[in-house]
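Both of the next two complexes hold chain A, though its partner changes from chain B to chain C.
And now, the complex of A and B:
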């Protein structure tokens, strides 16, 4: 089955991203295709490479980056939601005159159209949030 | 079985694969959290994709459509007029759950746009018919 994943909550504060990650991993292991993982609302905060969780805790962003690398996942952070929360890739940082970017490897910033496209193209869109 | 045109796998299941039934479920008050505003932002972008869109307002989400919102003193933008613009985006199916209105002492007359008031049971049936449900 072709799946779209939507993550609507930030890391650590909420378990949605952990659950979405476990679900995505399990789906891949079962041979399903992940069309795209889209991060919206506070979910965009999963895309910062600047978080430093305690060493004995999971690093949620790194987990996503690794999974993306292993399975060529398309991890998309909503640009509108990301901008108001300070999640920027290099281009966006430059465009808005910011002194740094913080988007983690394996993530890309794009528009909400990517979420709608996932809804259209995937057999199921699975939403993780509150 | 003959196939007149080469087709993608998903095209075999539906007549028009490009149009799906999308439902946006709004469950939260308009202010206090950003869910209502960012849900509306999705709906506005999604309109360009010409899908079969419906919006549902239930629980505290019915307050999103409440007339007479005045946000000056909380320093936030009153985005409720945008719901009136949805018609211009061909978003015309707005459902409000009857029970949610009732328990909050609201009626259809308290809302900024014409809506279809449906019972929880009717809403269940509507949800059953959807292909993509986004809940905020």
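And now, the complex of A and C:
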């Protein structure tokens, strides 16, 4: 089955991103297709490669990046939510005259239309949030 | 049309479990996860409400979240089924829709 995932909460707040990650991993292991993972609102904070959690803690962003690489996942960060929170890819950093970008590998920045498309194309859309 | 409802906050913190029980139609399933698992434990002030609700809804609780909070599956109310993440995926695919009460 084709599944869409929506993450509305940042990492290390409650548990939404962890649960979404474990759910996505389990769904892939069962042979389901993940159409897209969309990060919205504070969920865009999952996409910064500059976070440095303690070594004995999980690195949520890295976990997503690795899973994306292994399974060719489409990790999309909402552009408007990202700009407000300082999550920028190279193009956006240049466009806004910022000195650096911070989007993690495997993530891409795009618009809300990508969430709507996931809602239409996927058989189920599962929401994880605060 | 069958729906899966998920509740991820403790009933002692938010009212989403009550909202869910108030809106879920008979026969639709409810999954308690994250801090929502506290609603599935025996001996609390909401335990009777959940036990009664099992007559109208299949109720599930996410086992890894029960154990992550130092609770054991023996403490889960009878009639509430314990599932893992695989079971969570199966619940999503076997229902037509998923409603997350956030």
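The rule is short, and it goes like this: the second predicted complex is superposed on the first by the 130 of 130 C-alpha atoms of A that agree within 3 Å, B and C clash if a C-alpha of one lies under 4 Å from a C-alpha of the other, contacts with A are read in each partner's own complex, and residues count from 1 in each chain.
The rule we apply is simple: a residue touches a chain if its C-beta (ideal position, glycine included) is under 8 Å from a C-beta of that chain, and two chains touch if they have at least 3 such contacts.
Every value quoted in this text rests on a predicted model; they were computed, and no experiment measured them.
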Q: Could you say whether A:126 touches chain B, chain C, both of them, or neither, answering first, second, both or neither?
A: second
Q. Where does A:113 make contact in the superposed view: on chain B (first), on chain C (second), on both, or on neither?
A. first
Q | First, second, both or neither for A:27, with chain B first and chain C second | A | second
Q. Which holds for A:3: it touches chain B only (first), chain C only (second), both, or neither?
A. second
Q. Thinking of the overlay built on chain A, is A:12 touched by chain B (first), by chain C (second), by both, or by neither?
A. neither
Q | Residues of chain A contacting chain B in one complex and chain C in the other | A | 8, 123, 125, 127, 129
**Q.** List of chain A residues in touch with chain C within their complex
**A.** 1, 3, 8, 14-16, 19, 22-23, 25-27, 29-30, 32, 123-130
Q: Show which residues of chain B lie in contact with chain A when the two form their complex.
A: 10, 18, 20, 22, 34-35, 38, 41-42, 45-46, 48-49, 51, 131-136
Q.
Can you tell me which positions in chain C touch chain A when the two form their complex?
A. 8, 33-35, 64-65, 84-86, 88-90, 92-93, 97-98, 100, 102
Q | chain A to chain B touching residues, read off their complex | A | 6, 8, 40-41, 80-81, 111-113, 115-117, 119-121, 123, 125, 127, 129
